[in-house]
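Two complexes come next, and they have one chain in common, chain A, joined by chain B in the first and chain C in the second.
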Partner chain A sequence: MTRSNAPLVWSLFGAGGVLAALVGPALVFVTGIAVPAGILMSHDLMSYQRMFGFAQSWAGKIIILAVIVLFLWHAALRIFHMLHDFGIHPGVASKLICFGLPFLCTVAAFYWVLPI
Partner chain B sequence: MADTTKTIEIEVLRYRPEQDKEPFFQTYTVPFEDDWSVLQGLQYIKDDLDGTLSFRWSCRMAICGSCGMMIDGKPRLACRTFLRHYHPNKLRVGPLEHFPIERDLVVVVEDFIRKLESIKPYIIPKEPRKLEQGEYLQTPAQLEQFRQFSGCINCMLCYAACPQYGLDSKFTGPGVLALMHRYNADSRDGGRGERMALGHSEEGFWGCTAVTYCSEVCPKDVDPANAINQNKMGSAIDYFLRFVAPRGAGK
Partner chain C sequence: MSAQMDKRRPYVRSMNSWWKRDPFFVRYMVMEATSVLVALYAVILLVGLLRLSQGEAAFNGWLGALESGPSILLHVLILVVFLYHLWSWFKVMPKTLPMIFVNGKKLPADTITYTGVLLAVVVNLIVLIILV
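Moving on to the complex of A and B:
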């Protein structure tokens, strides 16, 4: 029996799943509803200056990258498996799209977020 | 009894390889009482209407695991499913999905049995034990590690529910993987290393895509999806740790 290499992507998927479950709904609420509509939170909680400062700190960078990258890999593996369930079986094309795309996006996220 | 006058139509998938080119549905009208299971309905057909119908059963009480079949499209135990839930509509009964049909409602189970044997579903002692050492003692906490997973009756409903097994039967499948976990998680057992070569592979825990329908249909609340997910976590940790602290192949 050959050992599966699935743990590589699966650990990103698992971490993304946990993170999504923990902070996903709250993030949608804060960034999508509460702050823009000014419910419970003021508009300038996420003002440009504040968010810029947040993204300049190391803690901020790590949080932003974790949310982008881990969410991405979680979605990628879920889609990959779903394609399989629908009868589009793992092949070069589906792997290239499902793993190549998030890989490129991961590189891009680091490329843009780190220098802020 | 007034109840006996109630009747229900049961459509049964028939296939007798020596005479039928392909499977077809045959409808029987069965008088029944409120406490009749689908299995009793089938027995009525066999005893009183059509003796040529074949199906498996034994215990009639959800213990032996032989009466698994598709009832209105869902994998269920025929002895644990009641006709009154379908009345006044008719119901459709077919052999378990994802298995070749041997005859009527009887499926070929060799693949499942072979897989079951391959995981060594018995306790492999850590070291030879002498009689003077007495029995194994286990704390309630140690028992809880595997108790739920030891409830499996090998009914294969979870195999009929699993889309992965349906797509590619190389996948070991939910029930057998849950049993692998049951023995690995037992404090008396030392066979984990022998079993996990399969567990770590694509045919093992990693073939699962977390659909979890297996756990929904399981009549014994074994929750194979949970067993598999726990093992993905364990297998992933082991995947990375073996570079840091090698513990021998397959551990």
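Moving on to the complex of A and C:
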């Protein structure tokens, strides 16, 4: 029997789903609405110095990677199954797009955050 | 389909728009479709990370883009989608978890859903309080 990578992908899907529910709405509100529009929060919260300092710490790196990578893999599995629901059956092309792109983004996220 | 089957011309019910046939399927599709904006938000953050790694000027450009009207409107939409994700995630959780028994009785689905939603609301508020 060939080994399946389904449990790995499903774990990432589940972890991403939980994280998106637990912190997603708050993060979107802060990074996309409150800070850019200056509602309730100051622009300084996301200033270059603060974000750079955050990304320099190991805790910051782990949080940044967890949010980006897990959100992406969570979405990837859903989009993969959604394509199936719309009649695009699992094949090399849909797997390349749904799992190849998040894989590249994962590598890129590590590549960009680790040297900071 | 083989040529022989074509000759018989069997009736094959179309699967086009199957999910519009039943409100339950529509809700399922809306839940699945939240993933598109979750992915978009992750990509927006990933671009922010790239710009952060490129220096202050690059990062300020990304911040400037976030301040534009269309970006804020988009994030309002993303926020709505994340809130729907929060709800739907715990709505289906009773079906995805193994059955839980308390004092020999099956834990009701609503208990699991509302406990999860409450937990998520509290964690989101804690994140907001930390950041304010």
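The criterion applied here is as follows: the second predicted complex is superposed on the first by the 111 of 116 C-alpha atoms of A that agree within 3 Å, B and C clash if a C-alpha of one lies under 4 Å from a C-alpha of the other, contacts with A are read in each partner's own complex, and residues count from 1 in each chain.
By our rule, a contact is a pair of C-beta atoms (placed from the backbone, for glycine too) under 8 Å apart; a residue touches a chain by one contact, two chains touch by 3 or more.
Quick caveat, the model's predicted, so the values are computed rather than measured.
Visitor: Check the residue A:25 against both partner chains and state whether it touches chain B (first), chain C (second), both, or neither.
Guide: second
Visitor: Report for A:11: first if it touches chain B alone, second if chain C alone, otherwise both or neither.
Guide: first
Visitor: Please tell me which partner, chain B or chain C, touches more residues of chain A.
Guide: C
Visitor: With both complexes superposed on chain A, which partner does A:87 reach: first (chain B), second (chain C), both or neither?
Guide: Both partners.
Visitor: In the overlaid three-chain picture, which partner chain does A:2 touch, first (chain B) or second (chain C), both, or neither?
Guide: The answer is first: A:2 touches chain B but not chain C.
Visitor: Please work out whether A:60 is in contact with chain B alone, chain C alone, both, or neither, and reply first, second, both or neither.
Guide: neither
Visitor: List the residues of chain A that touch chain B in one complex and chain C in the other.
Guide: 81-82, 85, 87
Visitor: Can you name the residues of chain A that touch chain C in the complex?
Guide: Interface residues on chain A, with respect to chain C: 16-18, 20-33, 35-37, 40-41, 43, 45-46, 48, 51-52, 55, 64, 67-68, 71-72, 74-76, 78-79, 81-82, 85, 87, 105, 108-109, 112-113, 115-116.
Visitor: Quick check: in the complex, which residue numbers of chain A touch chain B?
Guide: Counting only chain A, the residues touching chain B are 1-4, 6-8, 10-11, 14, 81-82, 84-85, 87, 89.
Visitor: Help me check something: in the complex, which residues belonging to chain C touch chain A?
Guide: 15-16, 19, 29, 32-36, 38-39, 41-46, 48-50, 52-53, 56, 59-60, 63, 66-67, 71-72, 74-76, 78-79, 82-83, 85-86, 89-90, 116, 119-120, 123-125, 127-128, 131-132
Visitor: Show me the residue ranges of chain B that touch chain A in the complex, using the header's touch definition.
Guide: My answer: residues 163-164, 167, 197-198, 200-204, 206, 209-211, 232-233, 235-236, 239-240.
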